[in-house]
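For clarity, chains are labelled A, B, C and D in written order, and residue numbers in each chain start from 1.
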Amino acid sequence: MTTKKRVAVIGASGYAGAEVVRLISGHPHVSLSLLTSRQYAGQSYDNVFPAFTGRIDLSCETFSSDDAIQKADIFFLALPHKASMRIAAPLLEAGKKVIDLSADFRFKNQSMYEKYYQPHEYPQLLKKAVYGLCEINKKQISTADLIGNPGCYPTSILLPLIPLLREKLVDLTGIIADSKSGVSGAGRSPSLGTLYCEVNEGFKAYKVAEHRHEPEMNENLSLAAGENVQILFVPHLVPMSRGIVSTIYAKTQTNEMELRECLQAAYDTCPFVRVLPDGRLPNASHVRGTNYCDIGLKYSKEKEIAVLVSTIDNLIKGAAGQAVQNMNIMMGFSETDGIDAIPFPV
Amino acid sequence: MTTKKRVAVIGASGYAGAEVVRLISGHPHVSLSLLTSRQYAGQSYDNVFPAFTGRIDLSCETFSSDDAIQKADIFFLALPHKASMRIAAPLLEAGKKVIDLSADFRFKNQSMYEKYYQPHEYPQLLKKAVYGLCEINKKQISTADLIGNPGCYPTSILLPLIPLLREKLVDLTGIIADSKSGVSGAGRSPSLGTLYCEVNEGFKAYKVAEHRHEPEMNENLSLAAGENVQILFVPHLVPMSRGIVSTIYAKTQTNEMELRECLQAAYDTCPFVRVLPDGRLPNASHVRGTNYCDIGLKYSKEKEIAVLVSTIDNLIKGAAGQAVQNMNIMMGFSETDGIDAIPFPV
Amino acid sequence: MTTKKRVAVIGASGYAGAEVVRLISGHPHVSLSLLTSRQYAGQSYDNVFPAFTGRIDLSCETFSSDDAIQKADIFFLALPHKASMRIAAPLLEAGKKVIDLSADFRFKNQSMYEKYYQPHEYPQLLKKAVYGLCEINKKQISTADLIGNPGCYPTSILLPLIPLLREKLVDLTGIIADSKSGVSGAGRSPSLGTLYCEVNEGFKAYKVAEHRHEPEMNENLSLAAGENVQILFVPHLVPMSRGIVSTIYAKTQTNEMELRECLQAAYDTCPFVRVLPDGRLPNASHVRGTNYCDIGLKYSKEKEIAVLVSTIDNLIKGAAGQAVQNMNIMMGFSETDGIDAIPFPV
Amino acid sequence: MTTKKRVAVIGASGYAGAEVVRLISGHPHVSLSLLTSRQYAGQSYDNVFPAFTGRIDLSCETFSSDDAIQKADIFFLALPHKASMRIAAPLLEAGKKVIDLSADFRFKNQSMYEKYYQPHEYPQLLKKAVYGLCEINKKQISTADLIGNPGCYPTSILLPLIPLLREKLVDLTGIIADSKSGVSGAGRSPSLGTLYCEVNEGFKAYKVAEHRHEPEMNENLSLAAGENVQILFVPHLVPMSRGIVSTIYAKTQTNEMELRECLQAAYDTCPFVRVLPDGRLPNASHVRGTNYCDIGLKYSKEKEIAVLVSTIDNLIKGAAGQAVQNMNIMMGFSETDGIDAIPFPV
């Protein structure tokens, strides 16, 4: 019997970190060995997340490179942008596998990262990093040491669009993505905008055409298309905890069947993408708690516009679940290990 | 002292009907004299809506033309499509004012109505009817006897678009309206799709490019533009009770200031349209319970797309409130009588 | 024509303060003249609460006694405990009317206040202050200069219990109040516990038998009973923005009709208390947005327990609405001026 | 390798049935072989519950005894009361294991069942049936053929009370259970009372002291106490999909530590009951999606009342999860097989 690989979650007190902890604790081939949190250092983890009482025995520790290198083989970084890059470097040097949930390693184009975030202190690592959109980059992921885990919005938008762009089935210009996200995407730090009473019974657009996920999408869409693609991205906040629905509009003169068959072919062997049959459209509630991305579509022949609708759980396929999927691919585990939950019926 | 005009609400047991009842009961110049409901006939109205206990003393009656003509001067019809047209005819003949909340009198183009609804039995009334989008058709409304009160989605989409189309500030082709509605728009009849557990923590698109409000919008947009306009309309369901947010995408080479000034000029004297300043975007919660339509906008110079975001309370400006506003205009009352509620801060 | 009295809201950036602002702005006999907020000083008020755009023109100011005394006649203090007492003193000295929404002037028993809050710096004002439970203390309120506006939970519990205690219809020992509150009661300051994701799809008890509203209730229940009453109070948090439901259990050997008649007699002439008929129980949604307190009841003959169920909107009858009701009584206005909203049907 | 036992879910189109389907589909030792639904007969199951797309391949069938006996070994009945007893009889005769989620086999006392439900047509089966409250009746369950799976409210109330009654730690008279349930407990049949808009932003008590779960509790509490116990039970409806919180009040002169130790001792070896430490209280969100029952408590020395607070997911520990737990015990599987999900952190 082989020893299980040891997993560290760095930044375990946010929602994404906690979801990594939950998924890893149910994983057949790895075990949790280190949880870090600056804010909760010294506290038992089930004090931070009482739901985990009786299931997670660890306490939160302060991060230290040397200590971390001793304690774990695989690292999930669930930290704010910038903190991640600094922590990743020594871990990689020590031969560790690193899956980073921040934006620090998502970009190939350093200047694009720097335009939307801050100066990158480890540009050489950008070359090493693989963008962890599993269904698209599976091969490179399988040999990677460093993963830039995709943003939640980009995951929901890239998965339906990339196959169509590759096959030149939609126009490259004028693509619009109108996305709607649950509140957990904003994280666990208290802020006025995410208070219950401020969100409940409300709905709003925010950061219209200026969200930092837009360049992340554009880089990957351009790669898929083989030429420059610039979509317009408008996010909205939905009064629900989890889930993203993206409604994507693309000009095209094809037809619905061709579009659907392209997507079905692209994801035929992918366990987590469900291309819905004619007449069915996705619902955020149908993927909640799971690593699925559901995609439905409708073609308006009259207006020559394809409407793609996709949904994911932003904390799972949009963050922690895809991170574990990346680990599974990197480590040669079954792709669904630890992330094969069946959605609730309601 | 003049006698107050008497108001009948025909179909008072649905959400829109109940909102008319509530608004009329607080109106300074009219009084409720008749409430009808087939389902609840004979029951006291506060048994149907216990919130009204101590405030509305009437009971639900079965509708009869003769009786209704005796009992009221102004009629709000909050009935399903088709039922409305049959009831409206004799009331109009008896010289009554009729404000119909169904789609039966919204269309000028009879064949368009018949394509999306059913054969129209009173086509001559279509000519008589005025489309009750108050800010746009105020003058015709002031002399009308029969109002086709606009649909909720169309109200939220026509108000931001019409001034821009009139001024030729946006392209007529390729306009997309991505709308999100609370659940009350689906009415009060029990159905699986509007059960709490089916809606809560979910979000979905429905009737993509095939909702019956699309032709209603197109007829009115085309009138404003002076030529044929066909937008693509995609509605979504939000887990909240009230509110619609419409995010509208239109190609244009203008700039944000020009767009905002056009809207501000158009609605300068309109008490219920608030064009938000630069940097502010609407939130459904900011208009809840009121007759406001808030409009914000953002222009993407890079993509040459104007993003208009509007919000209304679907039961008020999208139904009962606009109906009362129509009555106010028809009767020569102050436009804000009975519908001047200030939104809740939260 | 007489000049309208000028109203100041001190601490206008919290939920209760904002509700006072909203209600006062629709009041026929007073007008807003001063809004203060330390945090938002200098900002236009509709920047803090965008819902008020176009309706409230004032900006937030920093509080200064001298300035405030010049600018207003009636003061609503919506501040944290302790801040209130310090601000009230000079205002009262200057002959102003003060309605305080904090706990600082709710207690007759100074030591009880000090046990649960902090040392009281103006004990002589406690004697001057009237506990503003309008239906119970109307007479004293009418001549008061300083009102301690009741807590939200106490309002919901005192109104159903006091008439029964006065008439000795229930046992004085063993009374239990199991209350459930919406989230707005926790205020507008960002905190982990009131984040959307922490509240949504959850339900919990908190501060079991140790909430500071318990002594406030006990003081007033004891006054009503003419002897010491100590109830057990357990609050819970409900995933909704507004509303409190209190389920109260009291031993008694009477019957349902007698209990109901006692309550009906007590509140016969009170516009804001609705004692529901047999077979009807209150729902928080039926009073939302209004100053009503609805009371229903059921008697279990077998267990000799009366179950009283009451509901209020915690921000209105539980805070801002009752504060305005107090002002109306103090100033000799009609009791319902500015607070006569009819509840939404849904 | 042994063949997996085959499981039938009779009445698979309700929420509880669907949860049984979900849990069984992830169970290591059994497999789904038959799903029945009168309403959806002939439809693929993922058409009824689209969340299951790609995970459940079966279609809904009409129930027929003969066919069912051929197709499955273990039967979960998720049917309305009365329908269950008629279906159970022939299955038991054919030697099948039957776990019934209705009330038909929950009572030992036939007349009590008949008082609250209807005449029992198979009274002899009542003797055979075991009340499937797993932690309490584990031994009898292990040899049972027929399980009356407990009601959701009773599960949440019996688990905290039974150990205390057995040890005579609380008074037998005057116990009050104030319970709050999410909406899924009301089932999936469309009804006005469970529409989104009727539930959202509301909270209410219902069936005060007359809910049919009260006699079910009383029978089992009396068994535990060895004498007659009659509690007062008041249920409430919470705007959330899943979850029950019961706040239970019992007179006692003991202390908090003794109460907690009694519960900890009783559930020491039970994987699904978490007795929380001093200072922690349960939250419905901490058990959502799992088979846990969390119990917290607080003792008021001054009032001599113990306040017990328990929470379960009404569809899992309150229905489907406990049903699977019963199957596990009956079949000699590990008690946690298929129901060991870790709660979401949020």
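Operating definition for what follows: contacts are C-beta pairs under 8 Å (C-beta built on N, C-alpha and C of every residue); 3 or more make two chains touch, one makes a residue touch a chain.
As the structure is a computational prediction, the values presented were derived from the model and not from experiment.
Asker: What chains touch subunit A and also subunit D?
Answerer: B, C
Asker: Write down the chain pair with more C-beta contact pairs when A-B is set against B-D.
Answerer: Top pair by contacting C-beta pairs is A-B.
Asker: For subunit B versus subunit D, what separation do you get between their C-alpha means, in angstrom?
Answerer: 46
Asker: Between subunit B and subunit C, tell me the centre distance in angstrom, where each centre is the average of that chain's C-alpha atoms.
Answerer: 36
Asker: Approximately how many whole Å separate the CA-defined centres of subunit A and subunit B?
Answerer: 40
Asker: Going by the touch rule set out above, which residues of subunit B reach two or more other chains?
Answerer: 15, 184, 188, 197-198, 200-201, 239-242, 283, 285-286, 346
Asker: Would you pull the subunit C residues touching subunit B in the complex into a rising list?
Answerer: 15, 18-19, 21-22, 25-26, 49-55, 184, 188, 200-201, 241, 274, 276, 280, 283, 285-287, 289, 294, 315, 341-346
Asker: Would you mind writing out the residues of subunit C in touch with subunit A in their complex?
Answerer: Touching subunit A from subunit C are residues 15, 183-184, 188, 190-192, 194-201, 239-241.
Asker: Can you list the residues on subunit A that touch subunit B in the complex?
Answerer: That would be residues 174, 176, 178, 180, 182, 197-198, 200-206, 208-209, 230, 232, 234, 236, 238-243, 245, 247, 249, 251, 281-286, 288, 296, 298, 300, 302-303, 305, 307, 309, 311, 346 of subunit A.
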